[in-house]
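In what follows, a structure is listed as structure tokens, so that the remarks can point back to it.
Each chain carries a letter (A, B, C, D and E) given by its place in the written order, and its residues are counted from 1.
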Amino acid sequence: QNSAARAVKPIPAEKAEIIHWWTSNSESAAAKLIAENYRKAGGIWVDTAIAGADQARAVAINRIVGSNPPTAAQFNTTKQFLDLVEQGMLNNVDDVAKAEGWEKILPEPVLNVIRINGHYYAVPVNIHMQTWFWYSKAAFKKAGIAKEPASMDEMFAAMDKLKAVGIIPLAHGGQAWQETIVFQAMLTNVGGKDLYLSVIRDRDQKAINSEAFKKVLLAFKRMQSYIDPGSPGRNWNDATALLISGKAGVQIMGDWVKGEFAAAKQVAGKDFGCIAGLTPNSPYLIQGDAFVFPRTNNPATVQAQKLLAKVLLNPATQIDFNKLKGSIPIRSDVDTSTMDICAQTGMAIMKDKSRHLGISEMFLTPDQNGALQDILTAYWNTRIPVEKVQKSIASAFKD
Amino acid sequence: MSTTTAVQHKSKYAKRTKRITRSWTPARLGIYAFLLSAAMFFLLPLYIMLVTSVKSMDEIRMGNIFALPTQFTIEPWITAWSSACTGIDCEGIRGGFMNSLAIAIPSTIIPILLGALNGYALSFWRPRGANVLFGILMVGAFIPVQVMIFPLVRILASVDLYSSLPGIVLVHTVFSMPVMTLLFRNYYSTIPHELFQAARIDGGGFVRIFVQLVLPMSTPIIVVAAIMQLTGVWNDYILGLVFAGRDHLPMTVQLNNVINTTTGTRQYNVNMAATILTSLVPLTLYFVSGRWFVRGIAAGAVKG
Amino acid sequence: MRKHLSQHLFRRFVPFAAILPMAMVTLVAYLGATLWSIRVSFSNSRTMPTDTFVGFAQYVKLFDNDRWLLSIENIAVYTVLFILISMILGFLLAVFIDQKVMAEGALRTIFLYPYAMSFVATGLIWQWMLTPGIGIEYAVRQMGFPDFTFDWIIDQDKVIYTIVIATVWQTAGLVMALLLAALRGIDEEIWKAARLDGIPVWRVYVSIVIPMLAPAIATVFLLLSTTAIKLFDSVVAMTQGGPGTASEVPAKFIMDHLFGRANIALASAGAVMLLVPVIVILAPYVYARSRRKQA
Amino acid sequence: MANVRLQNLGINLSGNQIIAELNLAVEAGEFLVLLGPSGCGKSTLLHAIAGLIDVSAGTVEIAGQDMTWADPSERQIGMVFQSYALYPTMTVEKNMSFGLRINGTPKAEIERRINKVAEMLHLTPLLKRKPAALSGGQRQRVAIGRALVREAEVFLFDEPLSNLDAKLRTNLRRELKLLHQQLQSTMIYVTHDQVEAMTLATRIVVMQAGKVQQIGTPECVYERPVNLFVAGFLGAPAMNFIQGQLDSQQRFVSNSINMDLSSYVFADSGEYSGEVIMGVRPEQIQIRDDGPFVGSVALVEPMGNHQVVWLQAGAQTISCIVNEQRPFAIGQTVLYSIDTRKISLFDPKTEQRL
Amino acid sequence: MANVRLQNLGINLSGNQIIAELNLAVEAGEFLVLLGPSGCGKSTLLHAIAGLIDVSAGTVEIAGQDMTWADPSERQIGMVFQSYALYPTMTVEKNMSFGLRINGTPKAEIERRINKVAEMLHLTPLLKRKPAALSGGQRQRVAIGRALVREAEVFLFDEPLSNLDAKLRTNLRRELKLLHQQLQSTMIYVTHDQVEAMTLATRIVVMQAGKVQQIGTPECVYERPVNLFVAGFLGAPAMNFIQGQLDSQQRFVSNSINMDLSSYVFADSGEYSGEVIMGVRPEQIQIRDDGPFVGSVALVEPMGNHQVVWLQAGAQTISCIVNEQRPFAIGQTVLYSIDTRKISLFDPKTEQRL
């Protein structure tokens, strides 16, 4: 195979070292699929897996600084690599993007992040939606909830019912990033897209201090009353385990949760349900992974980078990869009929461009985003008046 | 001593036998009680780790961390060692073992030797200005390692050592220097200065005295230093990751890839097995180091 | 005469040559990194260091940050408790292990093993054990104390103590090993003299042994101080700084800003601030020592 | 007042039998001096009495009680270690007062004793110093002081005056004797100084290689040594041993000497003839013009108040003490006499006194 | 062969002036004995000569070269430390051979020297032991051995025989003397043993409180002490000091004594009258029935080969040495005479010899 691939290639293949953080079983299988396809396309994938997104990115940056850069490195489709671009440390993949017509097949929020000054600096590979509502059918049945909640009020009502029968209404892992997910769920489902954009994108002080936003924060705080005392510090998968065992009713988490259900041999639609947004127009929060290409002048390496970019967005790769990863394809033009119902739901929503919305990291600098996270987790865990939270967020978003 | 008290005492000591005085006084019972309860406290987490590592994930999801497994399985251990995924490869944590050894051996020996050398120079020769250097070094020990990574990467890259085995050894040497120096310096301050003087009369130069007199007297502290350094290097993750280069990534990178994930599924049983497996090398050192904790290394040296 | 002089100079030179590696490391790595950090902390660097200087802006920001202030508070409490408890426990273990007990090797290994384990996993175990509902609280309730509560880890005010417990568990064995090595260096004759004097064993330890262990204790103290101030892994593994920001510590603040939040200027400012109390405490000591040497 | 009794004592150190089957009874209030060559086990014996090393056989009895396994602190013992074993982190004063403070002696009493002992040992100006800042002799005195303040029942002294100058030593010897009389405590004292042994001891024990050779009053041990070893060990310069024959008329005959020993009192009150070794102390040999025997001066050692003259008489070298300051030339022929009243005779085979 | 010259030496230890303005010239090949009370600075002086402590003033010259700041290893010195300072991790053999191995002496030669010295010090069976398993005396002998194998130019001995038994000490003293003759090396030797001082020294230095009091041959120092301190320090029992008047007829008059001193040779060859202190050594006092002075026996100390008798004469206590074994009863009145040839006279104010 390899020799066949080589025969096709005009210049000899260069080893491509890729830094990524896909190390768990399902992620690893997904990464392997890309590697396999890359190999088939004539590349040589050299794997450098580093668990933990922060760590992996830090290594990539240090490797670049130490003049020993990898061929490609995983980042999130956010502002994380903006500084690198500004420092001129990344190669662009304009050729590929133009040839493949990314402009047409990629969602707008993603394009806004990867296209800087008209150049394409990253290849996005998937879309994760963080704010899914997962629920245990068994728990709902026990609490006598017949209908999937279709608004935030119904959701609260359902949770009250769960609480009444001694089930933990909200399976929550008490870690700051998970609290931010709950917040984003509230902001999109209670506040809506416009409020979201004026608070997160425009950092509009008026919006932050508005009544509407206050309502979001109060809803967020109300969610906190539905958790169990053991929640602080808990990993998200342990929260999912509560759902699986029927001890808890609902979890708000990204679509990677499906991996846990699959491991426990539970089936979407039968054992658990997934709600992408409570109302028909609630936005679909886009988050995902992307690869960037550290600057190099070695033509063979550049060749390898371009090849990788091509392979990553190849439709077949997209489908197979996202099935394994639990996310949905980044491009809208692929056939999703083989995917699970939650993914199909997601894809269906993605057809509606008005529901596209980037997660906060697409708009905020990592620093601002972190500050928001600090404020939210403090608010979640302690008794801070909501007005003070509004003020804190406002001041963190200034300048 | 009056005869009455003598009689009382007689009854008190007469019954004593060697065994009684040596092992079962209340004080000794107290010691054992303390040590055993301490051991329990220390072992409890290990117990949970072990139990967890032989349960299936289903059972772990049930949530009783203290319970013995209903269905004992060593699958997680096998997985951890040879088939857990650590990237696109799923070959367990064993992959980094040789790399870890290749890093750990020089990174244990060199810093210990340097630390001993520094301590020796500081305590016995006291070169001018050395104490100020040592002071700066000790202040430096309070800087979080991570803050120094960035400049170090640049420095190492400029001398072409970045992403190489010598590079990572050098980095470990740099980061361990304050503690190693401190360890030996303070240890040597308890050795009678006269020994050193005698050796100088005997014509011993700097190196000779160090190698032939001071090092042999350092066994206990070398053992402690080895325990610290080997453990530190063996468990190091961030430095190995950043400085070792792709071909020398230590085992902990694999371990971390097994354990650590944000959005991937977690296999606690495999994680525990992998952790215990990874720590076997330092644990072995701990166990065999006992006979080097000898008593009275300087005994009989001087009078007074 | 001349020959002697040159030989003499050469010999004097050897110790300096020997500490050359130390000097290089100190000056290039430590002093260099410190100066670099100071420089960065006055800039507005983000992911990469830049040369745009902003004065004390980062410091102002730092002390405007609730999380940083809380972190400082936490680390103060933590450092005191951690050092105190580790030293006491480690010392007791060393002393008791030194009593010619059975299975000394096994016990020593038991006390040391936590030090060998990656805290990524053991931190999780501690988190489990301390979590009400599944951990120790659950176990004790099962044993017939239904009212037993042990929920420090979810308590805003007490969570830092759980970090202390877990890190003491991890470090006490090392303290034991260090002190044991020093204990074994004490001349047996001193012990004999004390026994003859009829001094109770605990008094021997307090009045004779501990003073003789002063250098080792200083070593332990400095060692524990450095690890305490740099506390990071354990918090991440056990609480991730939570609940909320209740167990945030400076090193974690620095690390978050160094990597995830790409604000190395603020991180550097934090690192520099960590050094301030250290220098304030250490400098007079070093100065006094060097003065004494000269006298 | 406490006696010390050792029965069938055996001691092993790292597998070597250092002391075997040793029996010794020290009476209450006695001042027993232990003498013996370097490495014969004196210190080991003291350590065993103090309970600082475990005996492998036999019993130790103190004040009439079996103390073999009692704790050192229960034995009411004060000891001066040969290696001093001072507490390095404590001042001289603390070193001395530590034991007293522990057993709750009143402050005033402690001070009184410390002052007394410090005065006696000339340590008063040094009370605030740490051992590291003391000279060798000063350290030794601190070690003595630490033992003395305890006013124990039994004192064990391991060469306590060895590093002191002659004057101080003479003073302290006298002070110790005085103290012994005051306290009436039992003292076991190791020394290599014959003068100390002779002046202090109520009885002397001579040991060799872990075995007791002779126990007796200083005079007895000095004048009637039970074997060649004891005879040769005591006295400086050492006793002269002259090999010869004892004929049936009780005349001693050797190369250079021929004299009548009919007044000699045999140990077993029997008679003896055959090979003997005659032991003569240097001070029993007088160089005088009317001496019956001839020798030539081989070496002269002036000692201040006397001189030691070594005579060559045939193959035999004989030392003698001359109290006058009379000059001798090397090679000079002199005549000398031997005082027969205090000679000793030994069996060359058994080496025992005849 | 190397001389040692100290000029205006000053030494401070932790701020205390231990030695000030000391001048001392030791000739090449000399055997100099340092005497002085405990804590007077003898060890400090040796350490300074060896280069182990920095001098604060003055110079140290060895073999004609200024060595004040030379490294100890450059000074070609062998030293026996008062505290032994044995290398604890090395066997006896290694301890002794360490220095030789360092300066690259051939293996065979090392072995030869070790064997020779071990033989001489009776250490042969102990060569494989570590210091911790040795007795005090054995350790001291190892310390001696370690210095001796070096066959250095200058040997510094700090009380090397203090913990050895009399017999061994006598032997070793002789061996050291022999060795000195063989090697012709310079030896500086601290001891408290008068016999050692007298027999070994070519010259004796008497120190007090960091100052040299007298330098001279043993006889000179013993017989013509320059001041009260030296007079009282040397000799055991100490010199008797009798206070009195010297009248213009050169008669000495005190309570109990009245004698003619016209034969006395004054130090400054002048004359003197007035208050004086007369120093008489105990051996210059004879108890004899025709003695001119009267005293009563206060104390008798039997010493084996002699006895020390303390006489009470008025308020004065006088010690004298009696060589016969003649018995004395306490309180008994005796007559005695004083040998005027060797007395010393001191000025009570300046304490200097007259």
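In this section, a residue touches a chain if its C-beta (ideal position, glycine included) is under 8 Å from a C-beta of that chain, and two chains touch if they have at least 3 such contacts.
Chains and their UniProt names: B = Carbohydrate ABC transporter permease; C = Sugar ABC transporter permease; D, E = ABC transporter ATP-binding protein.
None of these values were measured; they are calculated from a predicted model.
Peer 1: Treat touching chains as neighbours and tell me the shortest step distance from subunit C to subunit D.
Peer 2: The least step count works out to 1.
Peer 1: Taking each chain's centre as the mean of its CA atoms, which one is most distant from subunit E?
Peer 2: Farthest by centroid: A.
Peer 1: Please find the two chains that have the most C-beta pairs touching each other.
Peer 2: Top of the contact-pair ranking: B-C.
Peer 1: Suppose each chain is reduced to the average of its Cα coordinates; what separation in Å results between subunit B and subunit C?
Peer 2: Chain centroid spacing, subunit B to subunit C, equals 14 Å.
Peer 1: Could you state the distance in Å from the CA-based centre of subunit A to that of subunit D?
Peer 2: Taking the average C-alpha coordinate of subunit A and of subunit D, the gap between them is 93 Å.
Peer 1: Report the inter-chain centroid distance for subunit A and subunit B in whole angstrom, where each centroid is the mean of the CA atoms.
Peer 2: Roughly 40 Å, centre to centre.
Peer 1: So how far apart, in whole Å, are subunit A and subunit C when each is placed at the average of its C-alpha atoms?
Peer 2: 37
Peer 1: Could you check subunit C for residues that touch two or more other chains and list them?
Peer 2: Where subunit C meets two or more other chains at a single residue, that happens at 11, 124, 134, 187, 212, 258-259.
Peer 1: Got the subunit B residues that touch at least 2 other chains?
Peer 2: Residues 63, 150, 205, 256, 259-260, 296-299, 303-304.
Peer 1: Got the subunit A residues that touch at least 2 other chains?
Peer 2: Expected reply: 55, 58, 65, 235.
Peer 1: Which positions of subunit C touch subunit B when the two form their complex?
Peer 2: So the residues of subunit C touching subunit B come out as 11, 14-16, 18-19, 21-23, 25-34, 36-37, 49, 89, 92-93, 96-97, 99, 101, 104-105, 107-118, 120-122, 124-126, 128-129, 134-135, 138-139, 169, 173-174, 177-178, 180-182, 184-185, 187-188, 201, 212, 215-216, 218-219, 222-223, 225-226, 229-230, 232, 251, 254-255, 258-259, 264, 267-268, 271, 274-275, 278-279, 282-283, 286, 289-290, 293.
Peer 1: Tell me, which parts of subunit C touch subunit D in their complex?
Peer 2: The touching residues are 187, 189-190, 192-200, 203, 207-208, 211-212, 214.
Peer 1: Using the touch definition up top, name the residues of subunit D that touch subunit C in the complex.
Peer 2: Residues of subunit D touching subunit C: 47, 50-52, 71-74, 77-79, 81, 83, 85-90, 98-99, 102-103, 146, 150.
Peer 1: Which residues of subunit B touch subunit A in their complex?
Peer 2: Residues of subunit B touching subunit A: 57-58, 61-63, 84-90, 149-150, 153-154, 156-157, 162-163, 238, 241-242, 245-246, 249, 253, 256-267.
Peer 1: Would you tell me which residues of subunit E are touching subunit D in their complex?
Peer 2: Touch residues, subunit E against subunit D: 13-14, 35-39, 41-44, 82-83, 122, 133-138, 140-141, 158-159, 162-170, 192-195, 198-199, 218-219, 222, 232-238, 281-283, 301-306, 321, 323, 342.
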